[in-house]
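Each of the two complexes below includes chain A, the first together with chain B, the second together with chain C.
Take a look at the complex of A and B:
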C-alpha cells in the first residue's frame, strides 16, 4: 500500500507528488494523458520560463522532475475510487491502494450538449451507476459512452437490469460489451416529468433512465461516487485542500478558482503539505 | 504616471508584472537585487523544471520573461512610498508614480539581534522616523544603519533634533552623512522603563531613542510608513491581495503563508488580476 496516490499528472498533481516525495512519503502518481495542457501551445505567464512554452512540454518536464525525485509514475486510466479502510483506486490496468488520495484531474469537460440534457439531469439522467442504479431495477436503461469508463458503469448497472443499450453518440466503441450498441449521434433527450426517449439522427429510443459515462471519469465523477461535496462542478475543499471525505484531497482546476498553471501548481504544494501531516497523523 | 509599480523582482513580483503587462497595463517593476533566492542554490520543487535550479538563475529567467513581454524593469532601491492622490515611490535614483503599488519584497529580515532589543521595541526603539520622530523633538537620538535607507530616516529625524548619532553596528558606512558616526558593534540596549543606553564593544552611549534603519527597507517598513496593517511581520491583505490602504497590494513571502516559490508566484498572479480590476475601476 502506498502512502498517497495522486491522480493527474499536470501542474497540481505533479507539484503535489514532488512535495510529497520530498517529505519522504511513498507516492504513486497515476496519469492518463497530458490533460488540457496537451493542446495549449503558447504559455507565457508561468513564472521563470523566459521563452514561450508548449503545454505538453511543461507537463513532460514536470513528470520528468517528479520521476527524478523518486515519484513512481504510472500511465493508467483511473475508473473508480473506493474508500473503506483505505482508498482503493481501480484503473484500466489494475488496482492500487493508499492511505490518502489527491484528485488533480483538471476541470470537468462539458457534458452531452443536446436539447433536453439539462432539463432531465436528475430526472432520469444520472452520472453515477453505483449511486442511482438501484432505482431502475428491471427498467430500460441507456448508458452513453464508448470507453472503459462506460464499461465500468455498465458492469454496475447489469446488477440491476438486463435491458441496457449502449449509446456511443457517434463515436467508435473502444471496448467490448455484451449489450446492444447504438452508434448514432444523439440529437435530443425527450420526456415529460422524467426522461422518456433518446432521439438520434435516425430514430427514437424509449428509455427509463440514461447514465452518462462519456470519455474518462472526471474529478466530479469520482467525487460523486465517493460522496465528496461539489458546487458548480468544483470539488469543495477546506483550508487543507481536504474534501469532506477523510483522506480525500483535491487541488488544481477541479476545485475551481483561478484556472491558471501557477495556481494549480501552488494548490498542489499546499495540498501535499497538508497530506503529509494527515498521513503522518495516521501512523501515530 | 504608470498604472502599477511592482516592488520586488522575485517570483511574486515578476509573476505579477507578467500578468499585469498581459492585461495591457503600464507596469514598472523596481528591484534592488535577487533577494533571498540569490543564495538558494538547490531548488527542486518548483514545478516543471526537470533539473535542480539555482535561485538566482530562476529570478533572472523570470525577469527576462517579464522584459520579453514588455515590462519595464529598473534596478533601483526603493526608500519610501507615499500615498496622496497617487502613489509616489522614492528610490535611490529618483521618484516614480503609479495608481497602484504591489509590495513583493519577500520576507522581513531579522532585526538587530542584541540583548534588550525586543524589550525596548516600542519603548524608545522605533522603526519609522516619520511615525515617531516628533516624539523626540530636541532629544538625543541614535539611528542604526549604514546605507541609503538610514540616510532617508536621518533626513526626516533632522527636522526634530540636531543631536543624532549614526551607529553602523560594525558595518562600513556606505553613504555620506553630516552627523557623528559610530562604527562599533552594538552588544546591548539598556534602559529602565524606556531606552537609556546603547552598549557597544568599546563603550556606552546615552540615548533617548533609537531608530532602526538597517539594510534595505522591508515590506514591513513600507507598510508601517504608509499605514498598512501587519501581524507577526506579515502584511495583512484581503482576498484580493489588497492591504487596508486603497490601491496598495502585497504578495509573496511578505504576506506570510507557505514560504515557497510556487506560492509566491501564484500570489503574484492572483494579485495582478485583482490589481487590473482595481486600476480599470479608477479609469471609469
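Take a look at the complex of A and C:
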C-alpha cells in the first residue's frame, strides 16, 4: 500500500507528488495523458521561462523531474476509486491502494451537448450505475460511451437488466461488448417528465434510462461515486484541499478558480503539505 | 432526528405533517446518499420543530420511489401541506441544499 496516490500528471499532480516525495512519503502518480496542456502550445505567462513554452513539453518535464526525485509514475487510466478502510484505485491495468488520494485530473468538461440533456439529467439520465442502476431493474437501458469507463458501468448495469444498448455517439467502440451497439451520433434526448427516447441522426430509440460514461471518468465522476461534494462541476475542498471524504484531496483545475499553471502548481504544493500531515496523523 | 418512512406511514408522517418535510429517497449502496445523511441530520437539528426530515429507503419502498418518479438517488423532496414544493437531485453541501430547497 502506498501512502498517497496522485491522479493526474499536470502541474497540480506533479507538484504535489514532488512535495510528498520530499516529505518521504511513498507516492504513486497515475496519469493517462497530458491533459489540457497537451493542446496548449504557447505558454508565455509562467514564471522563469524566457521563451514561449509548449504545454505538453512542460508536462513532460514536470514528470521527468518528479521521476528524477523518486516519484513512481504509472501511465494508466483510472476507472474507479473506492474507499472503505483505505482507498482502492482501479485502473485499466490493475488496482492500487493508498491511505490518501489526490484528484488532480483537470477540469470536468460538459458531457453530452444535445437538446434535452440538462432537462432530463436526474430524470432518467444518470452518471452513476452503482447509484441508480437498481432503480431500472428489468428496464430498457442505454449506456453512452466507447471506452473502458463505459465497460465498467456496463458491468454494474448487467446486474439489473439484460436489455442494454451501448451508444457510442458517433465514436469508434474501443472495447468489446456483448450488447447491441449503436454508433450513430445522438442529436436529442426526448421525454415527458422523464426520459423516453434517444434521438440519433438516423432514428429514435425508446429507453427508460440513459447512463453516461463517455470517454474517461472525470474528477466529478469520481466525486459522485465516492460521495464528495461538488458545485458547478468543481470539486469542493476545505482550506487543506480535502474534500468532505476523509483522505480524499483535490487540487488544480478540478477544484475551479483560476485555471492557470501557476495556481495548479500552488494547489499541488498546498495539498501535499496537508496530505503529509494527514497521512502522518494516521500513523500515530 | 430523521424519521424512517414507509408506504404505510407516508401519509401521516409527510402528507399530513404540520411542518414542512424534507423527504430523502436513499439506499444503502449509494455512496452520495450515505454522505448526504449527516447533512440532513444537521438540518434536522438546526430546524428542530420547524422542518421534519423523513427518509425513504428506495430498496424497501419501491412503491413510493415509483410514485414520486425517483430516477436518481439521492433525490430530496420538500413537502408542504401535502404537496411537493421542491425537488433536488444529487449530493450537495448543507448551505447549498438549504438554499436550493428554499427553507
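Assume the second predicted complex is superposed on the first by the 284 of 284 C-alpha atoms of A that agree within 3 Å, B and C clash if a C-alpha of one lies under 4 Å from a C-alpha of the other, contacts with A are read in each partner's own complex, and residues count from 1 in each chain.
The rule is short, and it goes like this: contacts are C-beta pairs under 8 Å (C-beta built on N, C-alpha and C of every residue); 3 or more make two chains touch, one makes a residue touch a chain.
Just so it is clear, the model here is predicted, and its values are computed rather than measured.
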### Query
Regarding the shared-chain residue A:217, is it in contact with chain B (first), chain C (second), both, or neither?
neither
### Message
For the overlaid complexes, name the partner, chain B or chain C, with more touching residues on chain A.
### Response
B
### Query
Touching A:55 in the superposition: chain B (first), chain C (second), both, neither?
neither
### Message
On the A-aligned overlay, A:35 touches which partner chain: chain B = first, chain C = second, or both, or neither?
### Response
neither
### Message
In the overlaid three-chain picture, which partner chain does A:229 touch, first (chain B) or second (chain C), both, or neither?
### Response
second
## Note on the structure
Interface residues of chain A shared by chain B and chain C, listed none
### Query
Once bound in the complex, which stretches of chain B touch chain A?
11, 14-15, 18-19, 22, 44-51, 58-59, 61-62, 64-65, 68-69, 258, 260, 262-263, 265-266, 268-270, 273
### Query
Of all residues in chain A, which touch chain C in the complex?
121-124, 126, 128, 130-132, 134-135, 193-195, 209, 224-231, 236, 244-245
### Task
Over in the complex, which chain C residues touch chain A? Could you list them?
27, 29-36, 58-59, 65, 69-73, 75, 89-93, 96
